[in-house]
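Listed next: structures, encoded as C-alpha cells.
Paired with chain B in one complex and with chain C in the other, chain A is shared by the two complexes that follow.
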Partner chain A sequence: MWKSVFYKEWLKIRWFIIGYTLLGILGIGYLFLALKHSFAFTGGKNVWNTVLFQGYQFYGLFKFVPLAGGLTIAVAQYLPETINKRLKLTFHLPLAGNRALLLMQAFGAGSLLVSFLIFFGLVAGFSLIYFPIQMVTDGVITILPWLLAGFAAYFMVALVVLEPNRIFRLCYSLVGGFFLTIYFTSAGTAAYAPANSGLFILTALLSIAFVFSAYRFRKGEM
Partner chain B sequence: MEKISRYIMVFIAVITLTIFLPKLYWMAFEKPVRKPFIQYSCINNEFMIQRTSEKKWEDTKGKQYSREEYEQMLPMMFFKQLLASGTMPDSIKGTALEMRAISREKSFFRLKANEIDAPKPGLYPLFESRSGRAQLELPDDFFRITWRIEFIDAATNKIQEEKSQMFSAALFHKGFSFPTKTISGLPTPRKSCDEGYLILDSKDQLFHLKMIKDKPFVKKVDVPEGLKFRQISCVDFKNKDFYAYLFSDKNEIYILTQDDYQFIKWPIDEYDMSNCDLKIFGDLFNYMVIIEAEDHIKAIALTADYQLVEAFTEYWKTKEQLTEGKIFASLFPARLSMASENSKFIRFYFTPSKGFDWVFLNILLMAFHFIWLSRRKVRLKNHLADLGIVAVCGIYGLIAIHFFKNKFFD
Partner chain C sequence: MIECNNLTHHYGEKLVFENLNFQVKEGSILGLLGKNGTGKTTTFNILNGFLQPTGGQCLVFGEDTQHLSPQTKSRIGFLIEGHIQYSFMNIHQIEKFYSGFYPRWKPAAYWELISKLNVPPGQKISNMSCGQRSQVALGLILAQNSDLLILDDFSMGLDPGYRHLFIDYLREYAKAENKTIFTTSHIIQDMERLIDDVLIIDFNKVLVQSTVGEFRSNFRRFDFELENDETDLKNERFIVNIEKVKNKVELYTYSSESEVKRYLDDKHILVSNFTQVKMELEDAFIGLTGKY
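Right, the complex of A and B next:
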C-alpha cells in the first residue's frame, strides 16, 4: 500500500520537485560561476580575505531557496487534497490511523531531503575546490538553518492548508510566519553554530504537527 | 498522536510568542539611554562630561561650560578645533605641545563584549614584517594551526608543504604545544607595520609569531605563574609602546610592552568582559579607560605611565527598573531572543523576568481560562495540562492553547 501512496504523491509533486531541483542546481551553478570569476579577476587571496574578515558569503543568494522549495512542495502536495475535500478519500484507505498521512508527509519531506542533499553536496563539494575545510565548515554551519527552514516551511504549510477553519488557518499562519524568521536572524558566518542543534530538534518536532489539523479536517471541524 | 501534535504546536507557539511579544513590546515602549561622553581634562584635572542630547557640557561637580570652554579643557581631544580657532595652548604642565608628539601619543581602542564571544575565522594571513615596502601587501597564503601550522595558497587551495614544515619546526623547537586556544593579530594590510600574531597554545603558553624575510620569528613570552588570558587584542599605535591589550580570566587588563615583552597590569577593576564594552583613549598625558555596562558608565583616568589618577562612575536606571520594565515583568514571565548584545552567536537566549509579579497575571489568566472552560461545560480532566501551561507560561500559554484548540479531546 505504501508504494501506491508514494506513487500518488509522486504524480502530484513530480514536476514541481524536478523543476525546483533543476532551478536550484542552475542557481548553484551561477554562484560558482560568479565565484570563479571573482577568483580570476580579484585573486584568490582577496576573495579569501573578504570571506574570512569582511563577512562575505558567496552563497548568500541561496538563503531563501530552501524556504521556497518547502513552500512549493507543500502547496503542490496538500492544496489538491483540500479541493472538494479529497483528503477524506485517503482516510478510507486500508491503513491504520494516521499512517496514510504520515506516508504522504514522509514522501514530501523525503523528496525535499533528496533535493536539499543534492544542493548541499554541490555547494559543499564545489566549495572544497576553492576553500579549505575550515571555511567550508563555517559555510555549512551558516547554510544549515536555511535548509532546516525549508523543512519547517513544508511542515507549517501542511498544517495550515489542512486546517478546515479559516480563522485558525490565520492563527497557524501567524505562528508559522513568525516562527520561520528564527532561522533567518541576521548574523555573520558560522554564528548559528550554538543554535543549530536546537533548531534541528524543533524542526523534527514540527514534522508531525500537521496530524493535528488533519485530524480536525477528518472530523469535519468548521 | 493528535494530542502530541497539538502539544508540539502549543510548544512552538509558546516559543514564538516568547520571542516576538517582548520584542514588539520593547519596540513600542523602550526609551533610549543617552550615555554621557566622559573625558579627563589635563587642564583642570577634572572629568568633563558631554551630554549630547541635552547639549550640556559640565564637570563632575556640576559646573556648566560652553562648548568652546569644554573643548579648551580637553586640548588633546579637540586639538584640531583649538588650532583652527587659535586657542590651542603652547604648553601644558610645562610640556611643550608639539603636533608630532600629540599625534604620536594619541590612541583609541575599543572592545565590545560581542567581539569576544564571536565566531573566529580559523585562517589568518601572515604578513612579511620586513618587506621593505612602504605599504603592507596581503600574502598569497593563509595559515591555520591544527596539529601543526599549515600555510594554504589561496589561488590553488593547496598546502605549501615546505613553508608549513619550516614554521611548524620553529614553533615546535620553542616548545609550542599544538593546537591553539587563541590566535590574535591584526589580519589587515591597513596598518603601519606588521607585528605578526600573539598565539596562546593548548597549554596557555604565549608565543609571538612573525615572518621576517620569509623565515619564522618565534618568541616564547614568559607569562607570570597562574596568569591565564581569555582575550588578546593586538594594537597598532604610533608610539609603539606595547603590542597588545591582554585580558585575563579574572577580568584584569594587561599590556605587553614592545620588544622587551613585559606585562604591565593596569589598575582597573569592575570590568566584566562578558557584558561590558571597553574604550581606551590615550594621549600625551593620560590614558582614559571607559567601561560601559548596562546600568552604569565608569571612567578611569591613568597617567601616561599607567598609574591611577581618578575614577568616576555614573549610574542610570536600566529598562527593567523603569515603569515600562516593571509593567513588562508583570505581563511576561520571560523573554527569549535569538540574538544578544553581548555575543555575535545566535542562541536561544532565555531571560526570566525579574521578580515574580508575573505570577499574579498568570493566576488571573488561569482563572479566566478555568471560567471559560466551566461555561462550556467541558470535562476539566481533559484540560488540566492546558491550565498548567497557562500557569507556567502565562499570556504566551493562553494565546497558544487558544490558537491550537483542545476541542476534540472532551
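Right, the complex of A and C next:
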C-alpha cells in the first residue's frame, strides 16, 4: 500500500521536484562559476581574505533556496488534496488515516531531502576544490539551518493547507512566518553551530503538527 | 449492514437532525431522500467517518463509523458528491493507484466501463467532462468489488444519457453480485430506476422507511374542487399534506379513497371532480414533504 501512496505523491510533485532540483543545480553551477571567475580575476588571496576576514559567503545566494523548495513541494503536494475536499479519498483508503498522512509526508520530505543532499553535496564538493576542509565545514554549518528551514516550511505549509478553518489557517500562517525567522536570525558564518542540534529537534517535532489539521478535517471542523 | 441509532448533529447552534434511526439491510438498494439542508450529505459524511456526530452512533459492518478499521473500509465503496477523484491522474494512473489497496480488485470492471468513453489512454481526468468523470468514479468503485456502496448524489452534473448508463450499470452490478447500496440523488426519477427501498427524511425526522412499492401504493393523492373555497382542511390528522390554489385541492394522505370521501361527507364538505391521481416517486416525495 505504501507503494501506491508514494506513487500518488510522485504524480503530484514530480515536475515540481525535478524542476526545483534542476534549477537548484543550475544556481549552484552559477555560484561556482562566479567563484571561479573571482579566483581568476582577483586572485585566490583576495577571495580567501574576503571569506576568512570579511565574512563573505560565496554561497549566500543559496540562503532561501531550501525555503522556496519546502514551500513549493508542500503546496504542490497538499493543495490538490484540499480542492473539493479530496482528502476524503485518502481517508477512505483501507489504511489507518494517520499512517496514510505520514506516508504522504515521508515521500514529500524524502524528496526534499534528496534534492537538498544533491545541493549539499555539490556545494561541499565544489567548495573543497577552492578551500580547505575547515572553511568548508564552517560553510556546511552555515547552510544547515537554511536546509532545516526548507523542511520547517514544508511541515508548516502542510499544517496550514490541511487546516479546514480559515481563522486557524491565518493564525498558523502568522505563527509559521515568525517561526521560520528563527532559522535566519544570524547571517554570520557558522554562527548557528551551537543551535543546529536544537533546530533539528524543533524541525523534527514540527513534522507531526499537520496531523492535528487532518484530525480537525476528519471531525468535520469548518 | 448499516445501523444508525439516535443520530443527532448540529452545525454550531443549527440542528440538522435529532435522534435519527435507520438501518440498511444486506443486499438492499436504499435511497435517502430529503430536501436541501435536511442532512443527506451530513449523514453520508458521518457514515464514512468524515464528521463526528453531536450525538448517537452509526455502525457499518458492526463497527463505529468514527473508528473504521482498514479492513472494513476496504469493504465500502464511496462516491463523493460531484464524482470527486484525483483529477491530476490519467485513467491508467488512477487504476494503478487504487489497485494497490484492494485485494479483491477487478480491473476488467473498470476497463469495461472506461472502454465506453472513447478516450485516449493518457487522458487526464481533469480534462474529462463531468459525465466521463462519473464513469471513471463508478468504474473504480465497481473494480474495488466492495460489499457496500455509498453514493452521495451520483447524478449531480450528469446529462440524461450518462445518468441512465450509470444507473443501469450499477443496478445490474448490484443485483448480480448481491451488493448493498445506500445512495442519494436530487433527481428522484433516477432514484426510482435504481432503488428498492426508500428512506425519506425531513428536518429533524424520518418520514418514511419502506420499499418504494409499498410507499407508492400506501401514500395517495386526491384532487378535487371545493364548492366553497374558504373551507379549511389543514388541521385534519389523516391529511399528511395539502396544496390548495383557490378552490383546487391536492390532498396527500395514507387513507383510502373511501375514507377520504366518508370524511368529506361527514363534514358536509361539497366537492366536485374528485379523482385519485397516480404518483411517481417524485410526486409522492413532494406530496409528503411539501413544495417548500
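The rule is simple: the second predicted complex is superposed on the first by the 221 of 222 C-alpha atoms of A that agree within 3 Å, B and C clash if a C-alpha of one lies under 4 Å from a C-alpha of the other, contacts with A are read in each partner's own complex, and residues count from 1 in each chain.
Convention: a residue touches a chain if its C-beta (ideal position, glycine included) is under 8 Å from a C-beta of that chain, and two chains touch if they have at least 3 such contacts.
Owing to the predicted nature of the structure, the values given are computational and were not obtained by experimental measurement.
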Room on chain A for both chain B and chain C (clash or fit)
fit
Just checking: does A:Leu11 make contact with chain B only, chain C only, both, or neither of them? Give me first, second, both or neither.
second
After the superposition on A, what does A:Ile208 contact: first (chain B), second (chain C), both or neither?
first
Regarding the shared-chain residue A:Lys45, is it in contact with chain B (first), chain C (second), both, or neither?
first
Could you give the angle made at the Cα centre of chain A by the lines to the Cα centres of chain B and chain C, to the nearest 10°?
140
Is A:Pro80 contacted by the first partner chain B, the second partner chain C, both or neither?
second
Of the two partner chains, chain B (first) and chain C (second), which one does A:Pro132 touch, if any: first, second, both, or neither?
first
If we overlay the two complexes on their shared chain A, which of chain B and chain C does A:Phe200 touch? Say first, second, both or neither.
neither
Determine, under the contact definition given at the top, whether A:Lys219 touches first (chain B), second (chain C), both, or neither.
both
With the two complexes superposed on chain A, say which partner A:Phe120 touches: chain B (first), chain C (second), both, or neither.
neither
Which chain makes contact with more of the residues of chain A, chain B or else chain C?
B
State the minimum pairwise Cα distance, in Å, between chain B and chain C in the overlaid complexes.
10
Take the contacts of chain A with chain B and those with chain C, and give the residues found in both.
219
State the interface residues of chain A toward chain B in the complex, per the touch definition above.
39, 43-49, 52-53, 97-98, 128-132, 134-135, 138, 159, 168, 171-172, 174-175, 178-179, 182, 185-195, 198, 202, 205-206, 208-212, 215-216, 219, 221
In the complex formed with chain A, which residues of chain B make contact?
1-2, 4-6, 8-9, 11-13, 15-16, 19-20, 118-119, 121-125, 138-142, 144, 152-157, 187-188, 338-339, 344-348, 403-405, 407-408
Can you list the chain C residues touching chain A in their complex?
11, 45, 48-52, 70-71, 73-74, 76, 78, 80, 82, 84-86, 88-89, 93, 96-102
Interface residues, chain A side, partner chain C - complex:
1, 3-4, 7-8, 11-12, 80, 84-86, 88-89, 91-96, 217-220, 222
